[in-house]
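There are structures below to look over.
You will see subunit A twice below: alongside subunit B first, and alongside subunit C after that.
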Partner chain A sequence: MRAIALAFFAIAALLPLATVLGQAFLVEGRFSLANFGTVLAEARQWGLMRNTLLLGLGTGAGALLLGFPFGFLVTRTDLPLRGLLATLAAVPILLPPLLHAIAWTDLVPIRGGLAAVAVFSLSTFPIVAVFAGRALDRVDARREEAALLAGGPRARARLATRLAAPAALSGAILALVFAVSDFAVTDYLSSVGPKFNVYADEIFTRWQRRGSSGQAAAAAIPPFLLAAAGLLAVATLRRRRALVTLGGDFVPPSPVRLGRGRGPALAFAVLVVGLGAIVPLASLARTAGSFETVRLALAEARLDIGQTIGSALVAAALAAALALVLAHAAVRARPLAARGIETAALLPFAIPAVALAVGLIRVWNRPGAIGLVYETRAVVVLALLARYFVFPFHALTAGLAPLDPSLEEAAATAGVRPLRRFLGLVVPLARPALVSAFLLAFVFAVRELDVLVLLPSGNRSLLFRIYNAIHFNRPAFVAALSLVLVFLTVLPIALYRLIARRRWEVGA
Partner chain B sequence: MNGPRILPLALLGFACSRADVVLYCAADQEHAQPIVRTFEERTGLSVRAVFDVEAAKTVGLVRTLLEEKDHPRCDVFWNNEIAHMIRLRAEGILAPYASSSAAGIPAEFRHPEGYWTGFAARGRVLVVHDPSVPEAERPRSLRDLADPRWKGKTAIARPITGTTLTHFAALFEAWGEERARAFCEALLGNEVNLTSGNAVVARKVGDGVFAFGLTDTDDVESQRRNGKPVSAVFPDGEGAGTLLIPNTVALIRGGPNPENGRRLVDFLLSPEVEMRLAFSASANIPVRVDVETPPGVRRLGSFRRMFVDWYAVAGRLDARLEEMNRIFVR
Partner chain C sequence: MTAPAVEVRDARLARGGRPVLRGVDLDVQEGEVVVLLGPSGSGKTTLLRAIAGLEPLDGGSVRLGGLPASDPGVRVPPERRGVGMVFQGLALWPHLTVKGHLEFVLKHRGLAATERARRREEILRRVRLEGMEGRRPAELSGGEAQRLALGRALAGDPSLLLLDEPLGHVDEALRADLALELRAIERRTAIPTLHVTHDQAEGLAIADRVAVMRDGRIEQTGTPEEIFREPATPFVARFVGKWNLLPGILQGGSVRTPLGDVPAPAGTRSRVSVAVRPESIALGDEGAPARVETSAFDGGAWMLRLSLNGAEVRALASRPLSPGDTVRVRLSGEARVLPEEG
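== the complex of A and B ==
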């Protein structure tokens, strides 16, 4: 089963990645560095590099500046309304960054690189907040008390910051990867005036307008290396348990009393959630105008909505199932093999989405039965699976890691076959993580645009329709469809939380 | 009881379902979709319509067709201009088809061997914000975009995709390289605002951000229908004339559903579709003289046209694209 899963993942995700990277070194079917020569010889390459770094590092820094204090306030302090604020803080990451950009440009005439940094920072700060919050919540109370006794509140704050920094940094790196991979936001925010050129847009241009897959692939190498280095750093931090400080005799930390700082702290947290969630949603609702507009938009785009949901459901189910098998393999494997599986899982996410699409086209656009994949929505499913596999994979490795292997070992000793062991023991025990993995994959799949924009079969997606409708001066239609998209991403998460809570209450 | 077994099959069916005819469509989705839906309703055939994104208007689908040359997935290409269609013919992507529906279309809009046929044209016009531009100062020519009076107050789409690329490539043929290149530099010197597409030009002029800009007739009509105080100037009426760019349709060589593809081509080239496009928000100019039009839509013969050698335009399109990238995307 593991071999089948690994083979499937290799074909679905790694083969397109390898294909597109390989294209960079090919000219007319022969090895050559000419593509790099052509791409790098242009003076504008330095501008692309500068802009891409500005976008990535700016987003990482922005997400850190907003997310770290926010995560601290809602998890470790006596901040009023912290539960509500933590819940609302999930909304920005559920909204596609393009919708943030649409909503904000409806309100203020923002454009260019700094606008893109602001949009991505507001969109991705919840990643840092969740990572930092979880790490801060796992600082042992005794260590905090010792720091407090030795150096007062400042020493305690230093300790918490030091222990949570790797987690927060990991979140910031993920924010960076999201930003450097995105082509639609910078394109949208450059609709008037000087173009803020980044590598993701350059890949799109080289492929679509100039018709060169080799040059498109060569342009994908710098952002891929940047993102891959960041993601490998995150993986290393995970392996070293730097992100988790939970011990066997763990004593949970007590809440930090904010005292007179509660007012300003609440104002900061409300401001962050307001800018990241409430303002964009209110802006979209204001532009949509009425429920009638939403109803009409639903009727007009029902095919796009249906195909978006369908593709996301299939991709999420497939990704969760595949991730379960590979995550189980990783947690039970020897360190070197586990590292190999983890690295393989994250690499497809490191390549800019439009470049991954080029790889998918090159792999599946073939005659005969293989071409059926390219011709149908199967290629869309594979694209979404490859792009976001890393998220369900990590959700499941986190869920499976604490499970004691002795149960499986006992079943194996009793002669239970591997498949039955897996279905009878691992699947039931991993069910909560499996549901989380499915939801993560589903939400990211519903809000995807970039990897689908080059695939003819990916043409009928909701965000594609929104992206095109922007140009037809139909702001109410765009806003109404955007609200539908938000509903599609928020609804499953909200339902899951509701059902999980009810189960817990019944169980209690 | 059978749910868990049926569900994967249903999902697999969803992922692998195919259509009766595949249409690649560079015309705007908002205008083309209702036409496609009518075809589906009348014939009972399902159409998989693939549209371009504005960021790669026309060139995106042309790129896809070239990529799919050895194993075509598309039956019919509905292009929103003509130069790329000529290029696709030269690349061997198109199949000849003399549609009976094309009978009333003038020969100048048809390939002599039936490889492509033009219909429902658009004019390349100046969209003017009426409150900002007094009648006496209204622009009359493309060259007004480079007039210092309007420095920083005008807009064009970056001429690297869609009809703006085609238009600039046509200017190089009609005016000669030197004059056209000087015009491009003059535009930049006059701080003309560059946008991602023609619709953005029209929208920003409609909002009064810019005094006027270069765009397509359908984008002006879209602003009008949204109640914006704009009007269209067909430029150079006393000079070289206004460029008219027809939509074009062609059958793809080796497409998977040729018979259904022919039926779709017949439908798209029918007088009915031309009339619907003229009455729609697209406000296309029919290439047939006997097709009814609403009051706001100009007819052939009612304005001076700029004539260009489309074959020469198509032949140098790649080189022009590179040049436009060098000049306008820095």
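== the complex of A and C ==
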């Protein structure tokens, strides 16, 4: 089963990645560094490099500055309305960054690099908040109390910050990767006023306008190396999670009393949620104008919505199933093999999405039976799977890590065979993580644009329809469809939270 | 002659370059309960896991019922070794009921539903869990959980039982009772058993034979009484019998110790360790002076920690003494001359 899963993942995700990276070194079918010569010789490359770094680092810093204190406030303090604020904070990440950009530019004339950094920071701060919040919530109360006795509240805060820092930093790096691999936001924000070009745009341009996959691939190498280094750092930080308690003998920490700081803290949290969720949604609603516009947009884009949901469901189910097998292999493997699987899982996310699309085109756009994949929505499913596999994989490795291997060993020594052990023990015990993994993959698949923009069969996706409508200057239609897309991403999460809470209440 | 239930020969295993098993030889005969006793980190659990097929050996072999299970070029997977294992912490499946635990194991054996039900009832009766079929692990007491883990191991119809600290999770107060109950179940099933523990009382109560492990080697094997009364090494004396170990020097036909002279057996080396039980040290008006370091009530008597010519010695007293008091001590019972501790 593991071998089949690995082979499938290799064909679906690693082969397009390897193909596009290989394209960078090929000219007319022969090894050559000419693509790099052509791409890097241009003086504007340094501008692209500078802008990409500014965008990535700025986004990482912005997400950290907003997300870390927000995560702390809603998980570890007696902040009023913290449950509601935590729920609302899921909206910014569910909203595609392009929609943040559209919503904000409808309100204020922001353009250029700073605007892009602000959009990505507001869009990705929930990643840091969730990572930091989870880590802060897993600091054993006795460790904190020991720090409190040793040096008072400041020592306790220092300890908690130190223990949660790797998780928060991981979130910030993911935010950085999201920013540097996205082409639509900078493209949109540069459409009027000063240009702020980054590598992701460059790949798109090289492929779309100049028709050179070699040059597009060469332009993808710098952001790929930057993102891969960041993601490998995340993997290292995840391995150091032992700083917080994963299970077993654990005493949950008590909430920190904010006292007189409650007012300012609440103002900060409301401001962050307001800027990340409420203002963009309100702006989109204002631009859409009326419910009738939304109804008409729904009717017009019915087919796109159906195909988006269909592809996302299949891709998410496939990704979650594949991730379960590979995450299980990773948590049970020896360290070196585990690192190999983790690295393989994250690399397809490190390549800018448009470059991954180039790889998919090169692999599947062929005559004969293989070409069927490219001509049908199968290539869309593969694209979504390859692009976002790392998220269900991480959700499942986190969910499986606390499961004691002896649970499976007990079945093995009792004579139960591997497949039945997997289906009878691993699957039910990982069910909550499996649902989270599926939802993560589904939501990211629904809000995807970049990897689909170059694939003809991906052109019937909701965000692509919105992207097209922007260029046809239909702001009300764009805003109305954006609201539909937000609804599609928020609804499953909200339903899941509701069901999970009800089950918890019944169980309690 | 029947082959032993398990035969381990020259088992070697290293982890991260650190040797964990250093050439272990061990047999468990049919119907026998062997207890593997040793401190944490001595390699007991690793040996058990290697026998179960959960850890590959670097060298040596394991034969089960005379058939090779781990040999150069042979590695039978755990599910085909016919062993049942009770894990440290029990490893019960939180999502399954008592019945679910047994069913999960019984189903893979391809038994018909009626036969499964018969086997299930039999196991539930054997481990005294009748009427608890619908409970999940969280709803069981420590003893019930331990019996469920044993029942699950028995459901696979094993020809060898491996128990890894099965009472490790149980309170001290319950442990002695459960150890006896475990022994009764082991006797009833008559399945050869290898039982790992670091608790001497538990080990000695259960075993037909005890193997004491230290640093990846078996230091001594014997009946519980032999191990307790005739330790072969200073480590076994200290770990199992709580003997005092005193330095001894051969002088003529006897060994000189801070407590007095002890007859030297033939072949005694010039420097040895002399093992003396606390109850073999008498306090009175005669003997060597010793200073009381601590005095703690130990159930029936007061356990004194004494400083005797620079050596630390434990002795029993009928009343408490204060730290700093001086007492006179002499040897009043058995002493064993052992090789000097390496």
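Assume the second predicted complex is superposed on the first by the 498 of 508 C-alpha atoms of A that agree within 3 Å, B and C clash if a C-alpha of one lies under 4 Å from a C-alpha of the other, contacts with A are read in each partner's own complex, and residues count from 1 in each chain.
Criterion: a residue touches a chain if its C-beta (ideal position, glycine included) is under 8 Å from a C-beta of that chain, and two chains touch if they have at least 3 such contacts.
Computed from a prediction, not measured in an experiment: that's the story for all the values here.
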| item | value |
| --- | --- |
| Combined model on subunit A where subunit B meets subunit C, clash or fit | fit |
| Residue contacts with subunit A in the superposition, subunit B compared against subunit C | B |
| Which of subunit B and subunit C A:Glu375 touches, first, second, both or neither | first |
| First (subunit B), second (subunit C), both or neither touched by A:Gly310 | first |
| Contacts of A:Arg417 with subunit B and subunit C, given as first, second, both or neither | second |
| Partner chain in contact with A:Gly259 - subunit B first, subunit C second, else both or neither | neither |
| Subunit C, subunit A and subunit B - angle at the middle CA centre, rounded to the nearest 10 degrees | 160 |
| Partner chain(s) touched by A:Arg366 [first = subunit B, second = subunit C, both, neither] | first |
| Partner chain in contact with A:Tyr467 - subunit B first, subunit C second, else both or neither | first |
| Subunit B versus subunit C as contact partner of A:Arg44, first or second or both or neither | first |
| Closest Cα approach, subunit C to subunit B, once both complexes are overlaid on chain A (Å) | 23 |
| Parts of subunit B lying in touch with subunit A, wherever the complex brings them together | 11, 14-18, 24, 28-30, 49-51, 53-56, 59-60, 63-64, 66-68, 70-71, 73-74, 155, 158, 160-161, 193-197, 199-200, 202-204, 206, 209, 222-223, 226, 256, 321-322, 325, 329-330 |
| Subunit A to subunit B touching residues, read off their complex | 44, 47, 187-188, 190-195, 197, 204, 207-211, 310-311, 313-314, 317, 361, 365-367, 371-372, 374-378, 380-381, 453-454, 456, 459, 464-465, 467-474 |
| Touching residues (chain side subunit A, partner subunit C) in the complex | 404, 406-407, 409-418, 420, 424-425, 428-429 |
| Contact footprint of subunit A on subunit C as seen in their complex | 52-54, 77-85, 87-89, 91-95, 104-105, 108-109, 149, 152-153, 155-156, 158, 162 |
